[in-house]
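Structures are listed in the sections that come next.
Each of the next two complexes has subunit A plus one more chain, namely subunit B in the first and subunit C in the second.
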Partner chain A sequence: MIKLYDYELSVNCYKVRLLLNFLLVPHKLHSIDFFPGWEHKSEWFREINPLGHIPVIDDEGFLLRDSNAILIYLAAKYDQSCRWYPVHEPSRLGEVSQWMMFSEGTTNTASAARLHDSLGYEFDIEACREGAHKLFRVLDEHLWFQEQNGSSWLCSGDDPTLADLVIFPDVILSEEGGISRVGYPAIRRWADRFRHLPDFSLMAGVLPT
Partner chain B sequence: MVEKRCEDPVIRDLWHPVAAVPDVVDRGPIRTQLLGETLTVQSKEGGDICVTEEAVQGTGASVDGVSLTPTLPTLQKFGFVWTSLGSPPDSLFDIPEFQESDRWYENSGSFRVHTSAGRAVENFLDLAHFPFVHEGYLGERPYTEVKDYSVATKEGEIWANGCEFYQPIAAVSATEGQVTQYSYRLAHPFCPLLYKTSPLNRERFDVIGIFVQPMTEERACAHQFLCLLDESNDDATIKRFQAVIFGQDKPILENQVPKRLPLEPRAETPIRADKTSIQYRRWLYDLGISYGVVRGSSPEQISVT
Partner chain C sequence: MREQLTERMASQWHPIAAISDLHKRHVFQTELLGHELAVWRADDGYVNVWENRCLHRGSRLSLGINDGAELVCAYHGWRYSSRTAGCTYIPAHPSDAPAQTVCNRVYPVSLKYGLVWAALDQPENTPDIGLPETAEPLVLRSLLVGGSVEAVKGHLEIAEFALPPRVDEAGAEFELEAHPSNPLCYLNFSTDDSVSVRFILQPFDGARTVVHGLYGPALEDGSRLPVLRHYNTLLTKFREAFESENMVLAEQSGEGFDSPTSVGRNFDSVVAVEVEAEVSKRWEVASGVVGMELRPVEGEFSTFQPGAHLDLHLPNGLTRQYSVINGPGEQGYFQIGIKLEEESRGGSLFLHQEVQEGDRLRISGPHNNFGLRRDVPRTVLLAGGIGVTPLVAMAQSLHRSDLDFSLDYFVQSKEHVAFEERLDGLGAHLQIHTGLSPDETIQIVKEKLGAYDYLSQVYCCGPPPMISAIREQALILGWPPETVHYEYFENQTVLNDESIFQVHLARSGLTLDVESGRTILEVLRENGISLPSSCEQGACGTCEVAVLDGVPFHQDVYLNEAEHESGNRIMTCVSRSHSEQLVLDI
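Take a look at the complex of A and B:
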């Protein structure tokens, strides 16, 4: 069975849990004392991931780190419909990759602000919030145009993809970092649609619908 | 944002928790805020921990390279560093269970929340939100009733006794749902504790508390205190449970308006289940606390119209 080295309040771990649950892949969680114990920086964990980051998965001995890499692997292996990661559709695959790159930005701004405000990380909080708002404006505008074209999701097509999945956690928890979504109506509608997907899973801090 | 200086003498004279000892020793120095002032908490040779105010750093003279910056009063208790910006009492309250050798005790995290210390304390005292906010953990619909309980003040502390609640997973050590008996204790205006039936030994109690640090009037840090009877669960599992509960409370707490706790009894509408918080608000009023609260008019001045 897949083992996920996990911490409940980590957005990057949440991304992996979301996909495992959407795909109904059996898995077990190995809780890492990320906070306050910093177990991800411990000697034993650095043997699993020398970078000292979570999440990491262990799929019958195959170790993989970095949430985006893990998600691509899980989708390619366990999603027979190729819905989440459309490997056979070059243009949509390009779109998904583009927004997965974009999510590095939302994680490093919106979710960094959250770590500052909740767990006391020493970041430049004003820069984090300003950076998040710049990205949220781009996201909101894009989603508005998608809606005008009859599409509910970030990429073309009828189904959500990994693009939506990786950006959703940074967005839905942004208020914990002092980043209001009041000014982004298209983002709010998109996040609501995402939360209503079948087999959607919660994390602490994400309110049920 | 520039915080105005805290002029409230009552709150300045209290002992306040500012950091967990292991956090300072392993990853110090730690910069934090107390009552709007920025503090540095760091360990010194010999195991002592000192707390200094940033505003006065560099203003003191130095002799042979050693800074004479005045340090704040400091004590270490329950695994935390406590300090005060005023003249604190000689000692801090006691928790006798903390001395029992068969209990699990670990640094379980200091979580920050964008609300006043009073709001954070009040949330901790509330049973009624369990089935809605912590569904599947500390409560479960349709078991939403809060049975009547008693609240009394004794020896300068508030105690709520006889609280009962059905819980599907009362603690990590639980294997089935149980009716959990609670007592709440307020030993300090920002240190609520609860004593709850242990899933392992129904004659004894797990002691759980938060020691809340008022960082500013509208920001607080909840230092988690756990003193549990738990034989089998590993640290990460217990801490994960605490992180889940905190993570669920956080958005609810941060959406309460105003962020400062209203003390005027009619500012918000309490129900019978809120007896402890009514007593808590009155206690803060009687102590004369004005920081992080909305005092309003005196409870005695309210007339029924």
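Take a look at the complex of A and C:
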């Protein structure tokens, strides 16, 4: 069975939990005392991931780190429908990759602001928030025009993809970093739609809708 | 200057969203003049604009759940009804109806030109931006800009917005002009006047403004997108230029308008005493049963909860109680079912024979002493004849909340089935039983109840012998008395009013004599103590008072045996005292 080295409050771990639950893949969680224990920096954990980051998965001995890498692996291996990561559709695959790159930005701004506010990380909080708002404006505009085109998700097609899944956690927890979503109506509606997906899972701070 | 502007703007209509922003079951979040708003559309199409704050702990309601009829706070589950914003349910007090005063602030709303308009104070007229009433312009993407409404106005006045290239190749008026009667609206026309564009400013708070745009005339499906893109690009550029000059991003909000002072309890809408209602609809519901829809002649009715009843004060001096059959979120009118009683003393007979559509009746309430728990895994509803009315409201509520329940409805014949149009929606939860004998009825009741499961609740209403038989069965099957809820329409007890005793009122210090032939309620009222009452025959529970000392002589059918034995509550309309004195907590 897949083992996920996990921390409940981590957005990157949440991304992996979301996909495991969407795909109904049996798994067990190994909880890491990220805060205040810094267990991810411990000697034993650095043998699993020398970078000292979570999440990491262990799939019957196959170790993989970095949430985006883990998600691609899990989708390619366990999603028979190729819905979440459309490997056979080049243009959609390109779109998914584009937004997965974009999510690096939202994680480094919106989710960084959250780490600053809730776990005391020393980041330039104003820069984080301003950066997040710039990205949210791009996201809201894109989603608004997607709605005009009759599309519910970030990429073309009828189904959500890893693009939606990786950006959703940064967005839905942004208020914990002092970033209001009041000016982003299309983002707020998209977040509703994502939470209504079958087998969607919650985490602390994410409310059902 | 600022104050005057704010004051003037408070009683003006402002666009706060596009109607298309209000997706099904979504809660839209915005602000108007510094007031945070939660905007949501119920499944019946009604658009609610409320203060974005739960009356419990102040959490934003925009984080909550729109269930299509009620808005549920995400934090502790307080529910608020569409239209009135009155609280219908508090999970921490599952058996009690919330007080009528627990009512959120609602703002005036108008839907026009594809936009949702709201105001802080009721404006005198309708939204006016110089468009024909029936115009249906294309709603552009609105943008939140980081600047006060005055600052954004100043920049719009000098902005040059080109019309989309294909529309006006001959060249257009690039400059915007302010609308003569609405200083927050800017116009832009093509040279031949065939196309007009309007930008309307929403004063968001002291440092932020939303720019809404309308493009007319309406366009074909295929040609909308280029126009939407064109104006989105223009407005985005406008915002960038404005903000870089003003060194702000939209988020840096802050001062300017005074913070809202009220945490919106809306006492105005609370109906305390009798109000006048008009019979807006009257129809045959079933054999011998007339349905009536009542609408307020002035103002609004207060919020009802499932199980609530109204008092109808008839011109012939009689007062009668009827349960509200509305479903959740169905506010603004009440529907009731009136059965013609064979031995009518003038109540149902009068309503059946004399009252027509358009007539007016005096009503009070709603009262709710038959509260529904909305937190249990299994609810059994048992209805006999016209006793179905409160249970129709309950069933619709449970159904909406996806809670498991069954409604068994016992009637004489198919012709006696009332409110079929509402019952049809209940699907497999409903079973109708026709023409059963009392023994056959109780056999089914036994099966439905089964042995008591943790947290199950049963609610029954019907002829008194049926309620008594159900209560007896429930007791035999191990249902604790507090899980068995019932409502008698009448008290068939032969009342004894001979005893003479005193009541001492612990709070006001008065001691009053109750002579034979008088009731406690009458004596209290004669001495200036106002107490709500409704049926005045010991059935509805409205005139209940707590007893601190003494032994009550109960003659009501509202309290159950355990409650009678405990002796700490009394129905002042019929019950008396075994002891020489009763000490009441009033």
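Everything that follows uses one rule, which is that the second predicted complex is superposed on the first by the 209 of 209 C-alpha atoms of A that agree within 3 Å, B and C clash if a C-alpha of one lies under 4 Å from a C-alpha of the other, contacts with A are read in each partner's own complex, and residues count from 1 in each chain.
Just so we're on the same page, contacts are C-beta pairs under 8 Å (C-beta built on N, C-alpha and C of every residue); 3 or more make two chains touch, one makes a residue touch a chain.
Computed from a prediction, not measured in an experiment: that's the story for all the values here.
Undergrad: Kindly classify A:207 by the partners it touches after superposition: subunit B alone (first), subunit C alone (second), both, or neither?
TA: A:207 sits against subunit B and subunit C alike.
Undergrad: Contacts for A:36 in the overlay, against subunit B (first) and subunit C (second): which applies, first, second, both or neither?
TA: first
Undergrad: Can A:118 be said to touch subunit B (first), subunit C (second), both, or neither?
TA: first
Undergrad: Taking the superposition on A as described, I'd like to know which of subunit B and subunit C A:53 touches: first, second, both or neither.
TA: A:53: touches no partner chain.
Undergrad: What is the contact status of A:27 with respect to subunit B (first) and subunit C (second): first, second, both, or neither?
TA: Neither subunit B nor subunit C is touched by A:27.
Undergrad: Which partner does A:182 contact after superposing on A: first (subunit B), second (subunit C), both, neither?
TA: second
Undergrad: Once chain A of both complexes is superposed, is A:65 in touch with subunit B (first), subunit C (second), both, or neither?
TA: After superposition on chain A, A:65 lies in contact with neither partner.
Undergrad: Mind working out whether A:148 is in touch with subunit B, subunit C, both or neither, as first, second, both or neither?
TA: second
Undergrad: Indicate the residue numbers of subunit A shared between its subunit B interface and its subunit C interface, in ascending order.
TA: 207
Undergrad: Using the touch rule from the top, collect the residues of subunit A that touch subunit B in their complex.
TA: Residues of subunit A touching subunit B: 7-9, 31-33, 35-39, 117-120, 122, 175-176, 178, 203-205, 207.
Undergrad: Which residues of subunit A touch subunit C once you look at their complex with the stated criterion?
TA: 129-130, 133-134, 141, 144-145, 148-149, 179-183, 185, 188-189, 192, 207-209
Undergrad: In their shared complex, at which residues does subunit C touch subunit A?
TA: Residues of subunit C touching subunit A: 17, 21, 23, 25-26, 28-31, 63, 65, 74, 141, 144, 208, 224-225, 228-229, 232, 236, 249-251.
Undergrad: Looking at the complex, which residues from subunit B come into contact with subunit A?
TA: My answer: residues 20, 22-23, 26-27, 30-32, 107-114, 221, 235-237, 239-240, 243-248, 250-251, 254.
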